[in-house]
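Note that subunit A is present in both complexes that follow, paired respectively with subunit B and with subunit C.
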Partner chain A sequence: MNFTDEQLQRYSRHIILPEVGGRGQAKIADAKVIMVGAGGLGCPVGFYLAAAGVGTLALIDNDTVELSNLQRQIAHNVHTIGLPKVESAQKTFTALNPDVKVVPLKVRISKDNILDLIRDYDIVVDGSDNFPTRYLVNDACVMAGKPLVSGAILRFEGQVTTIIPGKGHCYRCLFEEPPPPGLVPSCQEAGVLGVLPGVIGGLQATEVLKLILGKGEPLMGELLMYNALNSSFRKVRVPRNPACPVCSESPTITELVDYNEGYCTLQ
Partner chain B sequence: MRLTINGELADTIRAATVLELLDELKIAPGRVAVEVNLKVVRKAEYGTYRLRDGDTVEIVNFVGGGGWRWL
Partner chain C sequence: MSRISSDKKIDIKGLVCPYTFVKAKLAIESMELGQILEIVLDHEEASRSIPRSMEDHGQKVLHLEKINDSDWLLYIRKDKE
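Let's turn to the complex of A and B:
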C-alpha cells in the first residue's frame, strides 16, 4: 500500500514502531472490524480504531442518543441527541479520520441476521449491554470462526477477553449459560463509573490492533478483570472446556439461541 | 481447610463443596462462574464437587449487563 504524505504524518508514531512499521499500518488499513454496540464500550473502541486507521469499521446499534448516555459515551454529544447512535458515532469517527470507512448499521441484532452481518469482517468486537446479545455474539463467532474481542462493564468492574475459535476458550467455556434474569443487574439499574468503559474499551481496541498486526500475546485463554475501586487488574486463566456446549468437539448447541425470546415467553 | 481464592490465601474455610463455599462466602451461585485448579466446575456439580486442602479456586463475577433486552 502506498501512503500519501498526509497519511505518513498521521500514522508516523505507528510506523516508527518496529512492531508496526509501514507493513503493519497497511494491515490496519486493510482490516475490517465490526462492533456490536455503539455505547459505553463501542465509543472508545471505535474512537481508537478510527484514529489508528482501521480501514472499515462497522457499527451495529439500534438505539438513539440520550442525554444520560453522555456521562460515558464519548463519541456522542449534545448536538446528536435523538440521532441513531451509529450515525452520531459515524460523524465523530469520520471527523477524526476520513480515511476510515464507517458503516452504520441501525438494526436489532438477532439470530436471524448476525451471521450475515459478521460474514465480511475479520474481527468482531462485543460491547453489548445485555446477556442475550453477549451469548448470541459468542455463539455466532464460534460457528463462523471469527475472532471476538469481548468487553463488559458494571459499576466499578470490567472484564476483557479475546476469543479465537478453535484455538482458545469461548465465553461459554467459563459462563456456560446466562445468569437467571434479574440476578445480575444492568448498568441502567446499578450504575457504572463513566470512565470505566474508557479503560475496558481501550484494552479491547488494543487487543484488536494486536490481532490485526499479529503481534504480542492476545488475551486468548484468559479473562482480564479490572477493579476501578482498588486499581487492580487480575487475569484468570480460562482453558478450553471439553464439555463446552458450543465450542467443544461435540457441541450440544449447534443453532443460534435467542434467549430474549425464551425469556419473554416465560413472562 | 486452606484454599487459595482469587489469588488470596483463605485458611479458615469450613465448606466441603463448591456450593457450601459460595454459601460461606455469601455469594449467589447464579452470579458467578467457578474454577477449581483451572477447571471450570459446571453449575450442576456445585453441590457434589468436593474441595480439597490446597485447592486453587477462582470465583468470577458475571459482568455484562443484565438488561435482558436487545440493543
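Let's turn to the complex of A and C:
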C-alpha cells in the first residue's frame, strides 16, 4: 500500500508497532466490518475502528437518536437527535476519518435479511442489547462462517467473546436457548452505567483489530467478564459443545429463528 | 567514509520523529531478507533512535557514521520479516 503523507501521519503510531507496520495498516484499510447496533456498544466500537482506518464500516440500526441515548452513545449528539442512528454515527465517524467508507443500513435485522447483510463483510460485531438479536446474529455467523465479536452490557457488568465458527465455541454452546422473556429485565429496569459500553466496546474493537491483523490471541473459546463496581476482569473458558444445536456436526437448528415475542428490543 | 553497497537508499533529511522511523520501517518492509538499506538523515535524535528501534524489531545495524556537519549515514540489513 502506498500511503499518502497524510496517512503516514495519521497512522504513524500504528506503523511503528512491530505487530502492525505498513502491511498491517494496509490489512486494516482493506478490512470490511459490519456492526449490528449503533447504540451504546456500536458507538465506541465504530469510533475506534474508524480511527484505526478500517476501510469499510457498515452499521445496522433501525432506531433514531433520542436525548436519553446521549448518556452513553458517544457517536451521537444534541444536533443529531431525531436522525437515524446510522446517519448520526456516519457523520461522526466520517468527520474523524474520511478514509473510512461508512455504510449506513437503517433496517430492522431479521432472519430474512441478515445473511444478505453480512455476506460481503469479513467480520461481524454484535453490539445489540437484546437476546433475540444476539441469537440471530450468532446463528447467522455460524451458518455463514463469519467471525463474530460479541459484546453485552447491563448495569455495571459487561462481557465480550469472539466466535470463530468451526474453530471455537458459539453463543449457543454457552446458553442453548435465550432466557424466557420474564427473566430479562424490562426496558425501564435495564439501567447501565454510561461509561460501561466504552470499556466493553473498546475490548470489542481490540478483538476486531487483532482478527484483521492476525496477531495475538482472540477471545476464542473464552468469555471475558468485567465488573465495574469491583474493577475486576474474569475470563471463563467456554468449550465447544459437541451437542450444540447450531455449531455441532449435526445441528438441530438449520434455519434462522426470530424470537421476537415479549422481548424488549430497544437498542 | 566506508561504503557498503546497498539495495535501496532513502533520504529522510528534514523529517523528525516518528516519521523518520516510519519511513525507514516502510522501506525495510518493502525489501527482501538479507538486503541492505542505506539511510541519510539529519535529525540527531533519529541517529540514535532509528538504530535502536531497528535492532528492537530484529534488523541488523551494519554501520552508522556522521558524514558532515549535519548528516548521518546508516546501513541496516533486513534480518526479519
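By our rule, the second predicted complex is superposed on the first by the 257 of 267 C-alpha atoms of A that agree within 3 Å, B and C clash if a C-alpha of one lies under 4 Å from a C-alpha of the other, contacts with A are read in each partner's own complex, and residues count from 1 in each chain.
Note that a residue touches a chain if its C-beta (ideal position, glycine included) is under 8 Å from a C-beta of that chain, and two chains touch if they have at least 3 such contacts.
Just so it is clear, the model here is predicted, and its values are computed rather than measured.
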Checklist entry - Of the partners subunit B and subunit C, which touch A:Asn130 in the superposed model: first, second, both, neither? => result first
Next on the checklist: For A:Arg108, using the defined touch cut-off, is the partner it touches subunit B, subunit C, both, or neither? Pick first, second, both or neither.
Outcome noted: first
Next on the checklist: So in the superposed three-chain picture, is A:Ser12 touching just subunit B, just subunit C, both, or none of them (first/second/both/neither)?
Outcome noted: second
Checklist entry - After superposition on the shared chain, which partner residues are touched by A:Pro239: those of subunit B (first), subunit C (second), both, or neither? => result first
Checklist entry - A:Arg23 contacts which: subunit B (first), subunit C (second), both, neither? => result second
Checklist outcome for this item: On subunit A, the footprints of subunit B and subunit C overlap at residues none
Checklist entry - What residues of subunit A sit close enough to touch subunit B in their complex? => result 36-37, 60-63, 108-110, 128-134, 152-154, 157-159, 173-177, 179-189, 223, 225, 234, 236-239, 241, 243, 260, 263
Checklist outcome for this item: Residue set of subunit B touching subunit A in the complex reads 6-7, 28, 30-31, 33, 35, 38-40, 42-43, 58, 60-71
Next on the checklist: Please output the residues of subunit C touching subunit A within their complex, sorted ascending.
Outcome noted: 18-19, 21-23, 25-26, 29-30, 53, 56-58
Checklist entry - Of all residues in subunit A, which touch subunit C in the complex? => result 3, 8-9, 12-13, 15-16, 18, 21-23
